[in-house]
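Each of the two complexes below includes chain A, the first together with chain B, the second together with chain C.
After this line comes the complex of A and B, so read on.
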């Protein structure tokens, strides 16, 4: 068998020329796309379930996130995820995400879009008003306590350590006592 | 709820692997017209292999006599079916090889993992495979390294990768490799090249048809339908993908049994010729060719 013969055999298996010809046509019609897998960890609670993220590079350097699922190799979750973790994809990509602050005035029945600056100003004013109204400098026994009893703070479950640190510092600085974390609920 | 532990073989073929294979050949020859030539031949070969499997399990030839056993009792049947039902080139080459070489030499050379003409490899593998599947001592006697990249039973190379069925509908199953020589399976981590062990995600491209990942189908949760109607192209291989490695330039095909529980990896891999052609076109080489030379 010559070199050319060997090449032809390699191209068609053991001589399945018809199957190769037909498969070539099918191959040309397939929309095959490349993706890569990446390890990640569920951001929500302290269990730390392992995730596999399927990503695809897009022209221009952007990375498209295709899917997130539990990693079956992880001894922590063995591929399983809780309902929240299973929808981790929506944390990153959701067509229903609200992308600008909305405000509903007292008594109003609908939301209106406001700017980020307006929202921050409004929150700052409300915090100042609530703090001024409910600040306790000295308790009933005469102890200096300097606490804000009229505000509580709840952190989000997807907080990073840094976000949690900043939130705690800012809130304690305002005199808040009631700090809670959604991941603990 | 049963909790799968490391090492537990979650995927179990039907009680009769040969029945499973015949059923799948019948299903796929209808679904995959492009592979009918190959599947019909494989379907004709299966009864010969099944008989060899049952005979070997009953006779239990000692490992030292396995080459002679396969060469004398199975090889002629494989030759007959190749000549009767094989494609033209195989037919011609089988007749040539049988006239030129002793069956024992062909089978023995394959057992030793030597470089062989493709037709020799086919004849030896088709003859000896069922006996290796049937007899554990014979697998243990095979030469070959017993490391993570080779079959722990016989030291053979992985033919394909599959994601086993999971005990949980929403979780994908563990990854397994299936041995090209004896059909045994072993667990292997995802995102790791089965040929060289590369585990940098960016160097391990996965090629699959558009719309075949849950995210692309519009569903954020594996196993659940999409929340809204999205364009859902009819994929030819919704349960298969090419797992390639840019470090060693090898690839193998992977079958996801969570997506198609009726799939029989060994048969589906044979039928997925378009994916092989695609991978080859991109410059990747399969870790080891399958029974039919792809």
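After this line comes the complex of A and C, so read on.
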């Protein structure tokens, strides 16, 4: 703050400018008025900045996200956010989201919409067929190995730990050996 | 992570973000935290501003981190073993190591097998045909009576680890370091003096790194060289110390812990190998072995209990003592099955289907053009994501004839982080629970519901049609209230584990049993979810430091939950001397108060008297009980050694005949595909890739504000090189490697500059990774981002141990377009 600004504050006698404080107060009240606070964690890097999300219910059961800001109580970020965390609202609610299942047949030149049921059935059939086609129960040395060689799963740096645990459990349960996530790459 | 486990016993950041404020000296290598982890970087600045700590940044590029550092060293990418090796040599030659720590808390005194040798860049046991080592000679001499390792605590025996190490690093003189790294000798000597001070017991240094160290064919050893230096200085286990890996994604840590990784099961248990017929075989070949009388060997001792508890969790009633708790159900891989292997198998026509969740193969690379071919070789590809990715769209990428791509592709819309609860585990192992804030957008569904639902459908197909080995598919426990919609709360409880007899949540992994009466989906998380509730939800933060940070050290033990057992600094027994007194009383980790250990949660039995002659040594996860300066768990050598990147403009000054890693796996060569490595005659410049603060990998190409902040792909070119080619900022340039090209804007800068390496002048070019043919920027560009994938340039080769690709050092050419 420049010298002139410091002078103006001193002139108010309160240590802050009443007019600015009043206008800020009014603005903040409008922005999150009636909002509920929810706690989240930033989805980007692994610092793990704590977030407070302000939401307001809308008629019809929808929930409006009003604001995301750093949680001032966090020993990790003490309320601070970087440009990514500060714009997390634009990741949270985006017109670019894929909102329904899409299918692209071999050789097709465009996507087609497909129902969840149809999609999950097709994927399940593919998994069973590839598992049965590439399963090795006993290797060339006579060892029991019970592995599915022709399917790979990769992912997990962006979803919850508990989801990742389910992914590991299900994929190992199906006999997968090709299992990977972002740590290596 | 391999390198940290090989040295200390666990593969994770040893300390945590806030703890960096406790440091006296911060070495940053292969990282740019001011830009890549800006909010975490506040703790570096607190150390500097509040303690007067010094920051030394060694990086190819002068970055925002360099700008606030006390010293910046322009280092050639991939040469950090020489830098750390030079510092190790300086500390050893000048007796600046922490003597008591080194004698008692490291394997310096262990006697090494007399057949161990190192000549001309090769350790003993090398087989050039197999490009691998027989590591029999990388072992200790043992006492025939006890089977334990022989030791000489005077460190005088020429076969001690200490003397062998001294000899090994004596070659890393300041001149040699300068010749390899490009760092001027005077600058190196200044750093060495500062680092040498850190062996004093009341001083502590931290080493912070990121993928700038891991993304090399020598990545594991680059990190281990820092870890060895930290052991010599007595800085491991201490607040303000440690080896601190900065992870790049919100939950990369949690989902490594939970083993979405080919070589492990949850909690870093090894995946069983072919030939292991039962649990006895498995434990004998997997668990660390006790090699000293005072070693607890906690991990080795409990390995079987942890494994049986996983099997019991996964296979329930089908896991019995009589069937070895369903040990046969666990798949046993023939060989490496990591990231590059997946696409290598696809290129060979052996991979039928790939499921990607929040990870885009086409952008991630390496060698994106080859990966794209691999995706086109699949029968089917499932992309689970909230937004389109370069993988979901690979079949109609710019320049691709979609009708020629025969892969069946599914775009499965998933929920975002904010549309579900569950934990994210940060780099410092803090498992922080988040709430569901919003309902799913559109028809999107949670990843775990999708996976559970698919599994249930596969199971039904096997029930109705039969097929290959159906037993594990039928037995897998999915006993959630709704088997296709498990809650993350239910799963968090399962991960923690239960005492099946008492019907109570387990409180500690130390209580797990190997008789099938306990479960634990991931033993390192046992203690996170008790009968009293989910400790990851705790939020007692900085508004009340007196109550919430009772030690004043910044541990905040009631904020979230940290594995293992809410411990905030790992290996913290080593923060205190033999009597249990902190090395620095002003910065205690734990200390012995006469009856118990107080402070942080001890990484040690809480009431073990340090004066007891049978007291355990501090590194409880290692069979030796001490930190490993010499380690036989790395495939490329027990001591870190400098090797050139696979693509390098110079020969290794230490041993030109064995210039690059002799054991890095060469995928293309192994199956007879044409060589895809370039040479300096055609590709004369060194390139390295990195991130910008405004973007996160590739997903932020969908975030308008961030695309506005960093709208277009570019490469950073040193001013002198640009001048010689008539390139100005804003010109369109082509950067090409043997594998592909990018066509982007030039940013001419003095942040990069010429260096002298092995007597030769070399240039380094910087390539941010964030762009591709999907996203807001690509949509608005006439080329649709056709040549924007940075990883079109990078080589299909990786670290000898972990097979982490060599993204950070390769050769390119540069042309003005």
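Everything below uses one rule, namely that the second predicted complex is superposed on the first by the 95 of 185 C-alpha atoms of A that agree within 3 Å, B and C clash if a C-alpha of one lies under 4 Å from a C-alpha of the other, contacts with A are read in each partner's own complex, and residues count from 1 in each chain.
As a working rule, contacts are C-beta pairs under 8 Å (C-beta built on N, C-alpha and C of every residue); 3 or more make two chains touch, one makes a residue touch a chain.
Please read all numbers here as calculations on a predicted model, not as lab measurements.
When both complexes are overlaid on chain A, the residue A:139 reaches chain C alone and has no touch with chain B.
By the document's definition of touching, of the two partners only chain C reaches A:149; chain B does not.
In the superposed pair of complexes, A:33 makes contact with chain B only, with no contact to chain C.
Of the two partners chain B and chain C, more chain A residues are in touch with C. Of the two partner chains placed by superposition, only chain C is touched by A:102; chain B is not.
Looking at the shared chain after the overlay, A:47 reaches chain C, while chain B stays out of its contact range. On chain A, the surface patch touched by chain B in one complex and by chain C in the other comprises residues 38-39, 65, 70-73, 75, 78, 80-81, 87, 90.
Considering their complex, residues 3-4, 6, 33-38, 41, 86-91, 93, 117-119, 122, 163, 166, 168, 170-175, 189-191, 201-202, 204-211, 213-216, 220-222, 233, 236-237, 242, 273-278, 281, 289, 292-294 of chain B touch chain A. Across the complex, chain C is touched by residues 38-50, 53, 55, 61-63, 65, 70-78, 80-85, 87-88, 90-94, 96-111, 116, 119-137, 139, 141, 143-185 of chain A. By the touch criterion given at the top, residues 1, 9-10, 12-20, 22-27, 30-39, 52, 54, 65-73, 75, 78-81, 86-87, 89-90 of chain A touch chain B in their complex.
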